[in-house]
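Okay, so here's the structure we're looking at.
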Amino acid sequence: MRSLAPILTVLAAIVALWYAGTVRLNAQWTYDQAARAGVEVTFRELLADTMAQERPVLPAPHQVAQGLWDGVFGQKPSSKRSLVYHGQVTLSATLVGFVIGTLAGILLAVGIVHNRAMDLSVMPWAIASQTIPILAIAPMVIVVLASIGVTGLLPKAVISAYLSFFPVVVGMVKGLRSPDAMQLDLLRTYSASPAATFWKLRLPASMPYLFASLKVSVAASLVGAIVGELPAGASAGLGARLLSGSYYGQTIQIWAALFAAAILAAGLVTVIGVIERGTLRRMGMDR
Amino acid sequence: MSWLWGAVIFWLAAWAFNVWLANRPVARSRAVQLFIPALFGVTLLILWEGIVRGLDVPGVILPAPSAIWATIRASLPVLAGDFVQTILKGALSGYLIGCGAAVLTAIAIDRSPFLQRGLLPIGNFVAALPIVGIAPILVMWFGFDWQSKAAVVVVMVFFPVLVNTVAGLAASERMQRDLMATWGASYWQTLVKLRLPAAMPFIFNGLKIATTLALIGAIVAEFFGSPTRGMGFRISTAVGQLSLDMVWAEIAVAALAGSAFYGVVALIEKGVTFWHPSQRGRT
Amino acid sequence: MKDTAGIATPVIEAKGMGLTFETNDGPVHALKDVNLTVGKGEFVSFIGPSGCGKTTFLRAIAALEHPTEGTLTVNGMTPDAARQARAYGYVFQAAGLYPWRTIAGNIRLPLEIMGFSRDEQEERVERVLALVDLDGFGRKFPWQLSGGMQQRASIARALAFDADILLMDEPFGALDEIVRDRLNEEVLKLWARTEKTIGFVTHSIPEAVYLSTRIVVMSPRPGRITDVIESPLPKDRPLDIRDSPEFIAIAHRVREGLRAGHGDEV
């Protein structure tokens, strides 16, 4: 709580800068309008106008908040203009992909830890793949799957799964290997079976690592779903909302969709954080 | 069908060989540790080729590696032009500006614990957001050319590097700072001689994360508008024309560029932080 | 308070010194009413259980903490002024060498900060390396050396800028007994050769008795001095002096002092 005041201060500074930016960036349009109408604008009029344009270069914070509010509460949730509708489209793809990617990642990590050949063959690729801009494949996956008749949620979930897969593999391998030699030797003196070693030592020890990578991968998964909605054709989802906003110059719509995505991401990471804290506390591993 | 069976049998044989090799004592040598994943990668390519040829998969769904290779060789000038536009102009310039700004900002707020306590949680928060989403806005502001891509990259790499640098600047031990104090060192002397070197492993951690982000930002931003060159532009138009061999060619270039970019940063890291325990083991 | 009168030049002088930390659980009296005068060329050990303020006292001398009551002077100046005049070298429990600098580079560090010329830096580095028996190791990195050698390098670093006071805070606490004996011998030789004033914090009774001309016994809550013991041992001390009756007698007295200060807490 000690950091509440500083955070609020920084946030206030950001909002202030944003308002200043709004006036600065939108002034040109106001001046042009006034020149066309042949009138002078006072500073007061300038301020009022820059913050109330319909397609501003930079919408004022309250316009974005208004857009967000309208999008969430001003429409029926089933309406095409509702951010709830678009958000839930994106969210469902994110979650399906996240679950698939996480499960596959954990399985592969278990395989890597228990099989030397898999470790040596696959692990370098898993690490190398993190340096590759996988996201660039997204549009292709969508189009290819569409050409064989798979559309809707699944193609986006595939991208999400793919993006959330690698962080989980790398984190989980590190976690399953985190018990030190002494702890493993101790279990060996009990003649514990590999299965018992896994369930009683490796898996519990890997939990902090798993949650750390889950936070990364759920965020990646959301980015994947949003980018998966970018190729033309997608009509629903926050990504589609961003794209249509950018086609029609609806800046407020873009910013509102952007904030909706940010809130969604923050929410997902927070949920994982809460589960993490609960789990680690029950395991007696919280700091 | 013989293609398919041949590929599958080759794959199984290579896998068996890998298993055998991995359980030999020679598996500890560096050459073998490079050879095993390389063989694994090659067998995947051959299996891919075999499946595509054996099952007659149409090129609009999955082109064979040989077809992709042919496309790469045939369109080298195009690929090179896209590489310059997206990687060198968009990603690299944005990366340098963004990382530089982040390190300077971290040093600027270093003397104010108040600002740090305020900025860090926000930085951490922003680093987890889908920042690529600001691409359409920045494309509107900075135009279609590489400047808007660089701007997206700047925003994307800024926060991870900032957060890591601030953490790094706090990483020097209290004892070592006390030692500096007993010698009457000034703030800047302590910063340059102790805290910045001690922060390097953290800073490079951020810089490595940022390499991938930079490429993603530069490519995805092109989906929102670009001149008629660039990797993102090529991918989205080639997808539209269903010429997937071209898409895969661009992906291969992106993968290569991404690994090389990361590799260069990792090499510099190795030179700068040779003293860190994580770097000492492997020489 | 027992204090030897007639010390030629007082180097460290504490009069009624106290130091209180403000914590969330209220004030903590780390030091209370400390009176001590250390003369030039003395080897003074501070011994006592943890929390007795021995480290705090050493840190106060080095201006890393500031007394809240009484006065503390170093060479007749405030500790801060003495620091600016490069009055002391400080050796911590861990060597604290910078892993990215060679041994020579580490020893050069304070010289760079204090603005010595390049030639003089080189010359001094060579000289102190020889002093701690590390000639030829200047180009190694700290992590290529054993713990004992690292600690010797950190002593060389403290000697490099010719401070006349050497403050050592449990410098050998993390080392094993055998290495510790060797380094104790070397510190004595170093002290004889350089004639520096040394303040030495330790947990170990034999170490304190073996090294010191005076032993300051301290006790906690509040941190204070309970006894100051003059050592009658000669300046030249082979390791086996520790079996002599004089040595055992002083060690006994130190132990008694520690027990008295401790009350019945142990």
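Letters A, B and C mark the chains as written, and numbering starts fresh at 1 in each.
The definition used in the following text is that a contact is a pair of C-beta atoms (placed from the backbone, for glycine too) under 8 Å apart; a residue touches a chain by one contact, two chains touch by 3 or more.
Quick caveat, the model's predicted, so the values are computed rather than measured.
> Going only through chains that touch each other, how many steps at minimum separate chain A from chain C?
Step count on the best path from chain A to chain C: 2.
> Which two chains have the most contacts between them?
Among the chain pairs, A-B has the highest number of C-beta contacts.
> As a test of understanding: of all chains, whose mean C-alpha position lies farthest from that of chain A?
C
> Counting in whole Å, what is the centre-to-centre distance of chain A and chain C, each centre being its mean C-alpha position?
Roughly 55 Å separates the two chain centres.
> Distance between chain B and chain C based on Cα centroids, please, to the nearest Å.
Result: the chain centres lie 50 Å from each other.
> Express in whole angstrom the distance between the two chain centres, defined as the mean CA positions of chain A and chain B.
Result: the chain centres lie 18 Å from each other.
> Which positions of chain B touch chain C when the two form their complex?
173, 175-176, 178-185, 189, 193-194, 197-198, 200, 273-277, 280
> If we count contacts the way the header does, which residues on chain B are in touch with chain A in the complex?
15, 18-19, 21-23, 27, 33, 36-37, 39-41, 60-62, 114-119, 121-122, 125, 128-130, 132-134, 136-137, 139-141, 211-212, 215-216, 219-220, 223-225, 231-232, 235-236, 239-240, 242, 244, 247-248, 250-251, 254-255, 258-259, 261-263
> Mind listing the chain C positions that touch chain B in their complex?
Contact set of chain C toward chain B: 59, 62-64, 83-84, 86, 88-90, 92, 94, 96, 98-100, 109-110, 112-114, 141, 143, 161.
> Looking at the complex, which residues from chain A come into contact with chain B?
Those residues of chain A that touch chain B are 2-3, 6-11, 14, 57, 116-117, 119-125, 128, 130-133, 135-137, 139-140, 143-144, 147-148, 215, 219, 222-223, 226-227, 230-232, 238, 242-243, 245-246, 249, 251, 254-255, 257-258, 261-262, 265-266, 269.
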